[in-house]
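Below, chain A partners chain B and then partners chain C, in two separate complexes.
Take a look at the complex of A and B:
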C-alpha cells in the first residue's frame, strides 16, 4: 500500500512538472509580448498601447490598415465557416447513408491539404485566383475559397467524429418513414444531433482563418495578420498588442470549444 | 412531396384507431452484386393481418421490409398497398410506421416530441396533436415519461416509444424490423405480447421481421419462413409447426429428429411404429422422417432398444437424448419432473406418437432438397 501511494505521489509530481514546463513554453512568449507592449518610453509601465488598440476611433483614424484587416478577417471567418459547413455536412452525411465505400477516398482528399505547404498551395492556386479576380473582383473575401481547402482536414475530423457518435442511417430512415423529406432530415434530425461537432469544426476554422498570413500575403490581399505585419513596420508595440489580442481570441474560441464538448459529453445514457 | 401533400389518414385527424389495408408484394427481385436477396418473392397480406417473416441471416427478410418501406428499391417487381401501386413512391410519402432493430429515437427530442414528430410533419393542429400523443403514450404505458429524453429510458422503453411514434401517424402499414433483438429475454417477452395487444387494438396491417421463431409463432396470424430470397411456406403458426411443407421449414422451425424409416403409401414405419405422413412426403421406400421431439414418448424399459445419453431439466419441460440399437440419436421431450428418473445408460423404449410427420428421400440432403 505504502509503495503504491509513493508511486502515485511520484506520478503526480511528474505530471505537474510536465504540465508546468509546457505551460511555461507557451506562456513565456505571451508574457514577453505583454512586457513589450506595456513598456513606457522613459522606462516603467504603461497601458497606452492597449487603450489605443481598443479605441476604435483612433484605430479608424490612424491605423486604417488594421481596421481593414479586422473587417476582412471577420468576413473571411464567416464565409469560410459557411462554405465549409454547407459543403461538408451534407456530403459527409450522404456518404455515410448512401456510398459508405467512398468514405476513405473523401477522407484522403480532405486530409490532403495537411501535407501541402501553404506556399505550394499558393503556387497551385495562383492561376485559379487570376480567374477568380477576373470574374468576382479583387476582394479579399474570395480568399475564403482557399481557406476552405486549408480548414478541410480539421473540419473533416471534427464532423466525422460527430457523425460517428450518432446512428445517422437509422435516424435518417426513421425520420423518412415518418414523412420527412431530405431537407427536414438534415435540418431537424442530423444537424441538432451533431451540434458539438459543427461548433468544433467552426471554431477550428475560425482559429485557423484568424491566424492565416502566408496565402493572404502572397496573393497581396488584406487580412488581420497581413495588417499586423504592415503595422509592425510603423508601430511595433501596437502590432504586437494586436497579434496578442488575436492570439487570445483564438485561445478563447478553442477553450469555448472544449467546454462545449465537455458539457455535451457529460450526457450519458441510462441503463436499466 | 411536401408535408401538405403527405397522406393524412382520417384516424390521425379523428384520433380513431387505424384500419388495415391489404399489402401485395409481387415477384420482387433484389440483388446485391452476386447475392440475390430477393428472388421472385410474392406475398399477400390481408387487411389488419399480422404477418411475421422468419428465416436465417441473409435470407432476405429485412430486404422485404425495406423494399415495402421504400428504403430499398427492388430491381423488379411490384409493391401494392390498399390496391395502389406504390413501387416508385418515396419513403416519406408511403405512410408507413416503422420500428427499427437499433434504437432510433431522436436523441435531441423528448419522448413527447419524438411521438409528435410525424404529426407535426403532417401539420396536425396542436390540440389534436397533443391528444394523439397522449393516446399513444397511454397505449404503450409511458405517459409519465413524456418529458424524458432517449438517454433517460431503458432499451425496452425506447422501443415502446418508437412503437408509439410509428403508430401516432396512424400508418397504413406497421413495419417491425427485429425491434426486440437488442432487449434482454424478459423484456423481450413482455414487449412482444404488448406489440400483439396493441396491434389487435389498432388493427393496423403489420409486417414483423425476426430471426426468433418463438417470437414469430407467438404473435403472428401467419408466419412466413424465408430461404434464399423466397418464401418456403406461409402459414398459421400451428400449421407451420405441425405441418411443415418442406424439410427446410421442418428443420428451421422447432427441433426435429431425422430418423430412418420405411415408407409405404401414406405411412412410415419408424422405431417399430407406424405413423401417418404429411402431404408432400415421399410415397414409397427408404426415407428420412422428420419428427418433433414431443412426438416421441419415452418410457423406462429394461428391455428397451435405446440407451439414454443425457436427460436435461429445461424449466417447464425436460429433454432426453437416447441412442437406438441402430446408432441413431433421438431427441425426445419429457416432463420436467421425469428428468431425474432417467440416468445415462438406462434402457428406454421410444415410441412415436401418431402425429403426422414429413418424410423425405433417404438419400437426399433434407436441408436442401424438397420432397416430391
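Take a look at the complex of A and C:
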C-alpha cells in the first residue's frame, strides 16, 4: 500500500509537470492570437476587431468575402453530413442484413482515403469537377461531394461501432414481421437505436468541413478557411480573430461530442 | 442479386469521387499531354527542385513524427494517470481533437501572431535583445515549418496513443513491484516492450499525416514551394511547361507510393499490437 501511495504521488507530480509544459506550448500561439487581435493602434488594448467580427452589418458591407465564406461553409456542412448519412447508414445496415460478403470491400473503400492525401485527391478530382461544373454549375456547394470522401474513414468507424452495438438483424426481422417496410425499418428502428453513432459521425464531419482548406483553395472555390486566408492579406487582425473564432467553434462541437460519448457509456454499463 | 442493388448507390458514388480520381492520377502519371504512354513524367521527377522538395518533405515528416510521438506519448501517459472521465481528460482529448484536425490556416495565423514579424514573442524577445524578425526562419521547411507541424503532431499522437497506454493493466505494474522491480524495471521489461509496437505504429501514422499536409504550409509560405504538396499545388495555378502537363500526377503518384509503404508497415505493426492489448 505504501508503494502505491508513493507512486500515486509521483504520478500526480509527473502529470502536472508534463501537462503544464506541453500545455504552455499549446496555449502560447492561441494566447498570442488573443493578444494580437486586441492591440490598439497607439499601444494598449481594444476590442474593436472582435466587435467588427460579430457585427453582421459591418462584415456584410466591408468584408463580403468573409460573409460568402461563412455561408458556403454552413451549406457545405449541411450537405456533407446529409450525403454522408443518407449514403452510409442504409448501405452499412443493408450489408449487415443481406450481403455480409461485401463488408470487407465497403470497409476497404471507406478507409482508402486515409492513404490518399487530400492534395493527391485534388489532382485526380480536377477532371471529375470539370464535369460537375458542366452539369451542376460552379457553386462552392458541390465541394461537398469531395468532402464526403474525406470524412468517409471517420464516419465509417463511428457508424460501424454504433451498428456493432445493436442487433441489427433481430431488430429488422422483428419490424419486418410486424409489417414494416424497409424505409420504416431504417427511419424508426435502426436510426433511433444508433443515435450516438450518427451524432459522432456528424460532429466529426462538421469539424472536418469547417477546417477544410486544400480542396477549396486549389479549385478556387469559396469556403470559410479560404476566406480567412484571403482576408489575411487585407486585414491581418480581423483574419486572426476569425481563425480563432472558427477554432473555438470546432472545439465546442468536439467538446459536446465527448459528452454524447459519455452518455452512451452510462446507459449501457455492460458494454466495454 | 437484388440484395446487391442496395449497395449500388454507395459503389457508384465512391467510384466517381474516389476510384476514378485515383485512377486518373495513376494513369495520368504514365501518359503525356496527347494521351500517349510515356515515362517522361517520372523522369521529370529528377528535376532538382522536385528532388529537393521530396527530400524536404521526408525530412520534415520524419523529424516532426519523432518529436510529436515522443512528446505526445509523454502527454498521453500523463493524461492516462488522471481519472477516466474526469474534466482534465475530457478537456485535453477535445482540445487535441481540434488541434490535430483543424491545423491549416488557423495555425498559420496563430504562429504569425506568436513569432511573425509583429508577433507577441518576437516583440517581447526584441526587448531582451534577441531579434527574430530579421530572418525568414518561420517560413523555412527545416525550422519554422517543423515547429508548426509539431504543434499539430503532438495532439494527433495523444489521440492515437492514449488507447494503447490505457491498455496497460495496473496488475502488471503491481506484479512487477511485488517481485521487487523498480519503476525503471517495469518500463524496461513490461511497459516498454508492450507499448513499443503501438508507439512505432503511431509514429508512422504521424509521418503520413505530416507528409500529406498541404494547408498549413500553403497558408504560411508565400514564396517558393519547398515541400512536395506545394509543388503539386503549383501545377494547378502556374503555367505548365509543354510536355510536362502530367508531372503533377507523377508527383502525386510518388506521394501515394510513399504513404502506401508507410501505411503497410503500420497495418503489420497494428496486428502485432492487438496481441497484447486486446481486451
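FYI, the second predicted complex is superposed on the first by the 258 of 272 C-alpha atoms of A that agree within 3 Å, B and C clash if a C-alpha of one lies under 4 Å from a C-alpha of the other, contacts with A are read in each partner's own complex, and residues count from 1 in each chain.
Keep this in mind: a residue touches a chain if its C-beta (ideal position, glycine included) is under 8 Å from a C-beta of that chain, and two chains touch if they have at least 3 such contacts.
As the structure is a computational prediction, the values presented were derived from the model and not from experiment.
S.K.: Once the shared chain is lined up, is A:28 touching chain B (first), chain C (second), both, or neither of them?
M.R.: second
S.K.: Thinking of the overlay built on chain A, is A:100 touched by chain B (first), by chain C (second), by both, or by neither?
M.R.: So A:100 meets neither chain B nor chain C here.
S.K.: Is A:64 touching anything from chain B or chain C once the two structures are fitted on A? First, second, both or neither.
M.R.: Neither partner.
S.K.: Decide which partner touches more residues of chain A, taking chain B and chain C as the two options.
M.R.: Looking at chain A, the partner in contact with more of its residues is C.
S.K.: Where on chain A do the contacts from chain B and from chain C line up?
M.R.: 272
S.K.: Can you list the residues on chain A that touch chain C in the complex?
M.R.: Going through chain A, the ones touching chain C are 3-4, 7, 10-12, 14-15, 18-19, 22, 25-26, 28-33, 35-37, 87-88, 90-91, 94-95, 98-99, 102, 106, 109, 112-128, 145-146, 148-149, 152, 207-208, 210-211, 213-214, 217-218, 225, 228-229, 232, 236, 239-240, 243-244, 246-247, 250-251, 254-255, 257-259, 262, 265, 272.
S.K.: If you look only at chain C, which of its residues touch chain A in the complex?
M.R.: 3-4, 6-7, 9-11, 13-14, 16-25, 28, 71, 74-75, 77-79, 81-82, 85, 88, 90-95, 97-99, 101-114, 118-121, 151, 154-155, 174, 177, 183, 208, 211-212, 214-215, 218-219, 229, 232-233, 235-237, 248-249, 252, 255-256, 259-260, 263, 279
S.K.: Quick check on the complex: what are the chain A residues that touch chain B?
M.R.: Going by the criterion above, the answer is residues 166-167, 170-171, 173-181, 184, 189, 192-193, 267-272.
S.K.: In their shared complex, at which residues does chain B touch chain A?
M.R.: 1-3, 6, 69-71, 91-98, 100, 102-104, 106-108, 117-118, 121-122, 150-154, 162, 165-166, 169, 175
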